[in-house]
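Below you'll find the structures, each written out as C-alpha cells.
Here chain A shows up in two complexes: once beside chain B, once beside chain C.
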Partner chain A sequence: MHWEAYHCVESIEEALQLLDEYAGASRVIAGGTDLVIQLKNHQRRVKALVSLSSIKALRYIEQDGETIRIGALSTHNELAKSDLLMEKAKALSLAARAVGSPQIRNIGTVGGNIVNAQPAADTAIALLALGAKAKIVSSTGERVEVLENLFKGIGESSVNPAKEIVTEFIFPAFFRSAFQRLALRKAFTLPIINVAVALLIDQKNICREARIAIGPVSTVPFRAKKAEAILNNEIISEKKLVLAAAEAMREINPRDSLLRGSAMYRRAMVKVLLERALRDAVVVK
Partner chain B sequence: MEKKYWCVGQNFRKDGKEKVKGETKYAGDIFLPDMLFAKPLLAPVSHGRLKTIDTSLAKSLPGVVAVVTAEDIKGSNRFGPVMQDQPVLVGVGEDFKFLGDTLALVAAENKKIAEEAIRLIKVDYEELPGLYNFNEALADGAFRLHQNMEKNICSSGEIVIGDITSGFNESDIILEEIIQTPRQEHAYLETEAAVSFFDNQGRVNLYSCLQDPYYFNYDIAQALGLPANRIRTVATTAGGAFGGKDDITLQAHAILLTLVTGRPVKMVYSREESILIHPKRHPSEIRIKIGATKNGRITAFEGRVLIDAGAYTGRSPVVLTVALNSFVGPYYIPHIKLYGHAVYTNNLVAGACRGYGQPQSNTARELVLDMLADRLNINPVTLRKINALKQGQQAGTRLVNLDTPPTLDSLLDQTMAVLEKSPHDDTPAYCKRGTGVACAMPLFDISALPSLGLAGTGVAIQMHPDGSLVVYASAVECGQGVISVLAQIAAEEFSVNPGDVEVILADTDSTPKSGPTTASRQTYTSGNALKIASEHLKKRLISFGSRLLNVAEEKLYFYGGKMLVKDGEGEVPLSKLAKECYYAGVNLKEEAWFRSNHATIGHTFIATAADVEVDTLTGSVKVLKLVTAHDIGKAINPLAAAGQIIGGGMQSLGWAMTEDLMQKDGMVVTPSLAEYLIPTALDLPAMETILMENPYPTGPYGAKGVGEHASMTAAAAILNAIYQATGKMVTNFPATPEKVFNLVTGIPESS
Partner chain C sequence: MEKLELTVNGYHYQVQVEPDETLLDMLREQLKLTGTKSGCNKGECGACTVIMNGMAVNSCLVPALQARHAEILTIEGLSKGEELHPIQEAFLASGAVQCGYCTPGMILSVKALLDNNPKPTVAEIQEGISGNLCRCTGYEQIVQAVQSLAGKKV
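Right, the complex of A and B next:
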C-alpha cells in the first residue's frame, strides 16, 4: 500500500477541491472495505486518498413524500437498523444485513458498495430493483443517473472516483419489495445467487410495475426485464409469479464457477429464489 | 464411591483474563531494538526447476539488509519429522515441488521494504509437468517426484486380522462404497510468526508459535548446520495450532536471517502465505467393502485408504498408520483387511490436523455404516450397538488393549436422549429434517508409538522457599488450556490454590522435553509426569516434615496450604516448611519422566448425533443441533474439556459443510479466507456436550485425551443426518448446496 497523503475532509466542497488539485491522481475513499484490499494487492495505485468518512451531512435515511432518500455515506449497519427501510424498502434492509460481517457493515457504505460495481453487491441488487437513482457531484456540476447506467462491467462504474462523489440515492417509497440470497454459509460470504424484487400492486391486485434484479449472473447487476414483462399490468397470481421466475431463469447467463457453483445450478436457483422473493413481496405491506 | 478432589474437576482458567483483554503476547507482538522484518519468495508454480535467481536489484533497494538463497545455508538445508526431504530454501538447479516452497528470503528495515524487495528478485525457471491427483501420481510411467523412491508412494501400511475371504463368505449382504474427503486448512486466528535474535553468548534465540520446541530446535539446527545447543527455542502462546504448527515453516528462515545479518529478525506470514505453506489435513479417497449378516452382524471389513501427502514426506507415514489403526473404530469385526498408501503429488503438503488421519477413515466408515443400515433395514443406532466392541474382543487394531469396558452403548443412549428432547420447530414443506449419529474410538498419545521416538514426557516442579510452586513443562498453550490443567494438577497434589501455581512452558533452556503438544496427549502425559514429580517432592517434604514435627511420615498429609498431622494437633504451613528445607539444604526441585506403555496406546469412546434441516429446493443444509457424549475418563477441567469438544465439533462441521482447500491443476482455488469458508458464529448449531466419567487406569486422576476427538464424529453425524433426511449420501463432501441439490434431484455431478 503506497500513498503520499490521506486527507480527511469535512465537506463535499473541500473533497472536490482536493480531487481537482490532484488532477486524477487521487481517489475518494469511504469505508475502504473494498478499496484497501485493492490497494494492498497492487490492483490500484493512488497518490492520495480523500476520505469522506467525516462528512456527517451524507449520512441520513429519510422519507420525503413518496420518495426515500439515503445519504451515500450511510453504512450498511445504518441501513440494516432503519425501521423506515424495513417498512418501505424491505429488499434494501435485508440486503444491507447480508453484507459481510458486523465490522464490515459498521464501516462499509452504500455509496461505496455501488461505486465498487460488483455484479453481486447486495445493496446494488436491492437498489436496482427499487428503481433507485444516484446523485453524483463534481466540481463542474451535478448529475442524476438511474442505477443501471452506473454499472459498466465487473468492478467498473461510470462514477469517476478521481473526480466525482456519489452523494445520494433516491427511490420511490411505494414498492413492496423482497430480497433472497443463497450462499455457502450464513454470513460473511459472497452469494451464489442473490435476487431482489420490487412490485407496485394496485387495489385490484394488478401489478402496475415489477422490477427484478439478479446477481451475479452477468458482468453487472442484472435486470430481468422479460420476467418483469410477464408481471406488468397483470393480476398477481401464484401462477404468474412462477411463470415470471421461470422466464428470469431463461434470460440470465451465469457462468460456471468453482466457488459459486455450475451455471446449471445457479440458473435453477434463480428460479427458486425469485419465486420466494416474489411471494414474499406480494404478502408484505 | 467417587473420590473427592481438592481442585481437580473444577473449572479454572489461568490465562483467560489476559486473553480476553487482548494483553497476551503472541510471537507477532514481540518488538526488539534494531529488529528486521523478513519476507519469503515462494515458488511461482507448483512444479519447476530453478535455473537462476538474481537478487542484485533487491539487494540494492535502500533499507534491504540481506537477501539470502540456498547458497547461504551451511547445514543439510533439509528438514522433516520422518524423512529430512523438504528444503529450507530451494537451490539453483533444484526443483521446487509445490506452491509453498521458498526460494529466497529478504530481511529489511521494515515490512514495506521487504515486500517491495521480494518483487525485485528475478527468477528464471523451467516449468515441469505436475502430479495433481492420485491417478496421475500412481499411473504406470508417471515421473517420480523423489528420485530416491521407487514410485510416488511415500509410505504404505497394512493390517490383517482374521481371514477376509471367509468373512465375506459368512455375510448375506456386501456393500462397496468410495468416500472422498477434502483438504482442510487449520485456519487458526494467529498465522505463523517468529522472532529470532542473538543472546549474550552468541546463541540464537527463537520465539515462535510451534507445537514441539525440542523437535524444532533439533531439526532446524541440523538443517542450518548448528549444534542444537546453540539454539534456544521458546514456544510462545499460540493463537490456535490444531497440528498446523507441528512442522517447521518460517522458523528456520528467521534463524537463518539472524545468522546472516546478526540482527533480530521477525517474520509473520500473511494469511495467504500461511495457507500455501503449512501442511494441511490430507485429502483422501477411501474404499470400503463391508459384509454383514441379515441380522446386522458385520462379518468382514476391507478398506483401502489413499491420502494425498503433497510434495514432501512430512508426517504422512504416521498419519497413514493412525488412519488405518482407527479405521474399524469401536466395533468388533472378526475379519478385516486394511491397507493404504500415502501418495506424493505436487499439491500442498499435508500433515497433522486435529485427528491425524482418524477423521478421514472414521468418517468414511460411519457413512458406510449408515448405508449398510439402510440396506439391512436396521436402525443405524441399533446396527452400531449390535457391532459395538465388548471387553475381551479383538479391536480392529493391535495397538489397543481394551483395559476398560467399552462404553459405546451408553454413549449412544445418552446422545440420542438429549437429541430427542430438542423441540421440533415448524419445518417448511420443502424442507426435510433428519437425525444422524456417528461413533468413534479415538486414539490418544499416539506419539507413544515406539516408531515415533517421542514416547517420553518430562515435567519438573519446584517449591520456592516461601512455599510457592512452579511447574516446568514443554507442553504448548495453544488455547486448549494446558496451562490451567497443569496448575490444577500441581495444586491438587499440594492442596494449594491453582491460581497461586506458576507454570513455565516450552523453553528448551528451562523446561524438560515433553514431546509434541499433539495427539490429545498433554493432559495425559505431562499430567502423569507432573503427578510423579509432585509425589517425589511431597515424599521428600514429608520425610523432612516428620523430623521437623517429630511424627511418623504416615501421619502427615497436605491440606489447604499446610502440612497437617492426621488425628493430631501439629501442623506447619508450606511457607514455613519450604523455608526450613531451604536452610537445611533440601532439594525442592523434582523432575519426572512419564512413558506410556510401548505396546498399546490410549483410546476412548465418543458418540455424536446431529439434527439437520435440508432445503430440498436449494440443497442448503442447516445444522440445527449437535450432541456429543465423550467417555473422557475424568474431566480435570470440565469447561475446558467441553470447549475442546465444541471446538472440534465446529471444525468438523466446517469440514463437512464448507471447507475445501480446493486445488485445480496445482492452482489453489481458495487462496484466502474470503474463498475458503470456515463456519461463522451464525453457522454454530445448538451444541450439547455430555462428559461421561469413567476413570482410565493409567490417566492422571483417570483422565484421558480429548483435544482432537470431536473432529472424528461430527462431520459423519451431520452427513448421516442429511442421508436420513433425503435418502442420499454425500460421498464427496463438503456438502455444498449444489451437491445436495444434485443428489436430491438426481442430477449427475458434472466433471
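Right, the complex of A and C next:
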C-alpha cells in the first residue's frame, strides 16, 4: 500500500482543513507525474493524499495590468497553448513546451514543477528569470515568496506540502524573455543545460533590468548575478551580450555528470545557449 | 475500498478501488480491459496511454480515484466489433505494428493528436507520439500511418 486514503477536494478551504486534520501525515498532490513515481518507489511516504486537481479556481492564466497571474494548478499544456504567455512571457511558454511528453504536460502542473524543486525544472528556470513570486496559503494565513526563496536543495522546497498550498505565480508582463535548452534528444528528455533570460530594455536601448537563470548547474535553479550586472544599466549591444554570456560561464559551477556531460562541456554550452537566449530576447516585441 | 463511478468507452461503471490503485490497474484488473498495457510504470514508455476527458494521459500515473466521473477511452473503445477504427486500419496498411506492445498507447496518442490537429506536419506527428516508445519499427511507419490519415475523420 503506497497511501491509505485519497481525497479529491473542490476548494482550497476543504484542502487546508483536511491537511490540518491529518496533522502532517498527509500531503498535497497536484498532477502527480513526479509524486506518484516517488511514492511507488518509496522515496517518499505518506498516509493520505489531498488531490487539488478538481479545484478549477486554481487554473487560469491572465494579465492584470502590468502583472501576469497564473493559477498554480495550470498544466504545462495550458501554459504551452497560452497566446498571452507566448506574447508576454516567451521564456515560460517555451519552457512549458519542453517539459516531458504530451501525456505528462496534460496532467503535470506548474505548481507541482516548482514544489518538486528539481534544479533542472524548465518552468522553474523560466519563472526565476521572469522574477516570479509565489502565493502560498495555509490554514494560518497567506505568504508571498520570491521564487529564489522556495528552492532549498535538490527536490527540496520551502513549501510544506503537509500544510501549505501554492495557489498562484505572479510576475511582471514587461520583460522581453527567452529560453534555450540542450538535451540528448529533441523531445521527452531532461536538459543537459537550460537557460532563461528576462530583459527590461527602455526606449534608449538601455537595459534597466536583466535576469538570467540557469539549470542544472547547482543544487537549486541558479541566478547568474554577475552576468546580469554586465547588462544592467548598459546600452544593449552584441558585444555586451557576448560578455555577459562569458561571465555566466565563469560564475557557474557545474559538476561532471555521466548523465549530463562533463563540467567543461556544460560550462561551454552555457555560453552558447545564453548568447542565443539573449539575442532572442532582445528581438522579442 | 472506495466507490468509483466513471465512463469507459461509453459504458458507465461503478467499481470498488483501493485508494492507491492506479487507473491502469483498475482498467486491466477490474474491467479486464487488457488492451491498455503496463510497461515502465513510471510515465516514460507510454504503453499505458488512454484518453481521459479528451486528453492523452499515462494511466500508470493517474490514481483511479482521480478519474471520478471522468470519460475514459481505451483501445477497446475504438473498433466497432470486427470493424477497425481508421487509425487501426492505417497502422496495419503502413506496417506500423510489429510486436504490438506499444500499439494501443501509440494509437491513443495519435487519436488525441488528430482530434486537435487533423492535418499535422511530420514534426507535429513526432511531437505527438514523443511520449510513446516503440522498440521495433523505428517510428517511420508509424509516422507514415498518421500522415495517411491527414484530413480524414478519425
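Throughout what follows, the second predicted complex is superposed on the first by the 284 of 285 C-alpha atoms of A that agree within 3 Å, B and C clash if a C-alpha of one lies under 4 Å from a C-alpha of the other, contacts with A are read in each partner's own complex, and residues count from 1 in each chain.
Keep this in mind: a residue touches a chain if its C-beta (ideal position, glycine included) is under 8 Å from a C-beta of that chain, and two chains touch if they have at least 3 such contacts.
Values in this document were obtained by computation on a predicted structure and should not be read as measured data.
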Three-chain arrangement built on chain A, chain B and chain C clash or fit: clash
Touched partner set for A:Phe188, first chain B, second chain C, both or neither: both
Touching partner for A:Gln103 - first (chain B), second (chain C), both, neither: second
Chain B versus chain C as contact partner of A:Ser262, first or second or both or neither: first
Which of chain B and chain C A:Val272 touches, first, second, both or neither: first
Chain A residues touched - chain C or chain B, whichever exceeds: C
Partner chain(s) touched by A:Glu4 [first = chain B, second = chain C, both, neither]: second
Partner chain in contact with A:Ser53 - chain B first, chain C second, else both or neither: second
Chain B versus chain C as contact partner of A:Ile235, first or second or both or neither: neither
Common ground on chain A, meaning residues reached by chain C in one complex and by chain B in the other: 2, 101, 186-188
Touching residues on chain A, where the partner in the complex is chain C: 1-6, 8, 29, 32-33, 36-37, 39-40, 49, 51, 53, 77, 100-104, 106-107, 186-188
Chain A residues within the chain B interface of the complex: 2, 101, 182, 184-190, 192, 258-259, 261-262, 264-265, 268-269, 272-273
Parts of chain B lying in touch with chain A, wherever the complex brings them together: 112, 617-618, 620, 657-658, 662, 664, 669-670, 674-675, 677, 679-683, 736-738, 741-742, 747, 750
Touch list for chain C against partner chain A, complex: 2, 18-20, 22, 41-44, 46, 49, 55-58, 61-63, 65-66, 68, 109, 112-113, 126-128, 130-132
